[in-house]
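So the structure is just underneath, and the comments pick up after that.
Chain naming follows the written order as A, B, C and D, and within any one chain the residues start at number 1.
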Amino acid sequence: MSKLYFRYGAMNSGKTAALLQVAHNYEEKGMKVVVIKPSIDTKGDDKVTSRLGIERKVDVMLAPDEGIMEHMILDKPDAIIVDEAQFLTLDQVDELYAITKIYGVPVLAYGLRCDFQMKGFPGASRLLELADDIEELKTICRCGRKATQNIRLIDGEPTFEGSQVAIDGTANITYDSVCGECYLKLRRHHG
Amino acid sequence: MSKLYFRYGAMNSGKTAALLQVAHNYEEKGMKVVVIKPSIDTKGDDKVTSRLGIERKVDVMLAPDEGIMEHMILDKPDAIIVDEAQFLTLDQVDELYAITKIYGVPVLAYGLRCDFQMKGFPGASRLLELADDIEELKTICRCGRKATQNIRLIDGEPTFEGSQVAIDGTANITYDSVCGECYLKLRRHHG
Amino acid sequence: MSKLYFRYGAMNSGKTAALLQVAHNYEEKGMKVVVIKPSIDTKGDDKVTSRLGIERKVDVMLAPDEGIMEHMILDKPDAIIVDEAQFLTLDQVDELYAITKIYGVPVLAYGLRCDFQMKGFPGASRLLELADDIEELKTICRCGRKATQNIRLIDGEPTFEGSQVAIDGTANITYDSVCGECYLKLRRHHG
Amino acid sequence: MSKLYFRYGAMNSGKTAALLQVAHNYEEKGMKVVVIKPSIDTKGDDKVTSRLGIERKVDVMLAPDEGIMEHMILDKPDAIIVDEAQFLTLDQVDELYAITKIYGVPVLAYGLRCDFQMKGFPGASRLLELADDIEELKTICRCGRKATQNIRLIDGEPTFEGSQVAIDGTANITYDSVCGECYLKLRRHHG
């Protein structure tokens, strides 16, 4: 059985580096991967870029109304790898699940779970419901605990209002990852 | 930091036995637990019952509009344990998360992820979004693969229509756990 | 590929209840399991017994110089389940690994990692080196942290000298599970 | 409680990239890490190098008879990170465990489990016995299964004889990672 893998983690937990490593591992063995990024994520255009200074061209920039099977047929990959998977639509996640079961192609999806308001991204919530294998990529909060939540900063100040999607680096917005306790404390002070 | 743990698994994967073991482990060390069951689950009344033949009285039958803090204050538990956690409301999951962070009481929630139509139970989806620690309780499909999905049977026949909640044993309904491949095959034949 | 699974945990973490659940899950689907216990463990004779009050007859009491394949051939199991797997010999672990790969029969082994002196049991160390899938069964220390080490008590007093194997309940010996910090503190005071 | 983490994986599973990511995550939050490499590993001198094309200077090249505490005192790190941890001595692993418990400094160790003869590296076996948290870094076998074992190649030919330590790239030696089934098949043909 091929599996749908979901690797989730807070902002800056190393999701893209892990993704690049997996693509490298497949290709080093002479296998083919297709790297997909939902086109809703405009950061870095058609590249996936890790803060470690490594990057790779995306094979498919996937529009919200687009299916995945058509790309499968052209590319016949040994594995499908998805960056920023929280931006997948529910239908796309269901299609990826079916691909693992009916065509036997493993899918490795990397993404966030919740947005800066602790609301789940729809694509991530569906991945969590369906994935055959769920694993957390961990990072650290400034307080020393595991960071699990994402804080949105405007000009460096925590904010708890706004739309779900606002890409890092636009309109003075940045993100930081924090533990649940620090998140709740910051929200009491700034929210 | 106290954590919100979510232990998910298909029907008959041993969630209740695992829950009873954890309660036993705490009490053996002289600590106090509160066992909660959402009242929407009417099977077994105010008991949690494992197919291994062991059971335990539930401390709190939790109505959908009820909060958890009030029970906390009375009982001052060292841990909160929730059976059939997929039936929690979104607010109750958020409250449990806050309890782990603000009061430092660990919460261990056991439940299903998806219903017989592969749709997430709202309480489970929220737990997957927020839990600090997610782990699968595994069981086996008749084909030998890991069972991850739930099939609803009426008089032994797979059915793919009906309401999300229909408790095991009522109206000739039973459930079986299957792998994703067997689920999709059965749905093509019976759906 | 069938896998060699090792489920380790400190004393009283619920290893036997988990084992009984897995056996039940297989049998409920009409599959056959063989439950093995190394004969070095004399507690409970030919039974595996959980502190939750459930038990089961062992199919094979395995002597240290005995092979496993012969039992396989007679019983043609769908899975092999081993209790007290820390008492397996190195050769037996290697044989179990080969059985999973050559005959495609999954093996689920449950056991301790380290003895009361924090020294690895040889069978457990070999399982940790070879297992395709390693998972911890967790329990709680009196201090609230995760218990990972085992303390030997003689008449209730911690002791740090003695032979590796001394079965629970003989010669006034009992065991308790503690976290690493409590273990090291106790050893400074009593060791 | 600070933990001793052991992240194991076959050759080329991405252990060093994961290590570099963790170091980056700590430093991005303004925390200090000490990166240790046992001096027995002569590849890359005083650098840790990932096949993804990223590297970092090692802070401490650790000789087999050297202790770790002295480096701790000088550097007062927020975390200790160990590359090629399979080459640690038993005493060094025990010391790292004590450091996590007594001084509250987390230790993240990355390494192989078994050598090319499926024998455990002593440092790895001790880490598996003691680590508070064990996780596998996965990679793929040419056959599509998970690679868990390491094959030594001399001029591209599998070999099953020789000393445990022979660093990649010396004396025409290279390594490949394979699944357990492929390992056993290769050994029957070449062993």
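The rule is short, and it goes like this: a residue touches a chain if its C-beta (ideal position, glycine included) is under 8 Å from a C-beta of that chain, and two chains touch if they have at least 3 such contacts.
Just so we're clear, the structure is a prediction, and the values are computed from it rather than from any experiment.
Separation of subunit B from subunit D in touch steps, taking the shortest path, is 2. On a Cα centroid basis, the chain most remote from subunit C in this structure is A. Each chain gets a centre from the mean of its Cα atoms; for subunit A and subunit B, those two points are 27 Å apart.
Centre-to-centre spacing of subunit A and subunit C amounts to 38 Å, using the average Cα coordinate of each chain. With touch defined as above, subunit A holds no residue shared between interfaces to two or more other chains. In terms of inter-chain touching, the protein chains here make up one closed cycle, each touching precisely two others. Subunit B makes touch with subunit A in their complex at residues 1, 97-98, 100-102, 113-114, 118-120, 124-126, 128-130, 132, 134, 136, 145-146, 148, 179-181, 184. Looking at the complex, you find that subunit C touches subunit B at residues 12-14, 17-18, 20-22, 24-26, 28-31, 51-54, 78, 139-142, 144.
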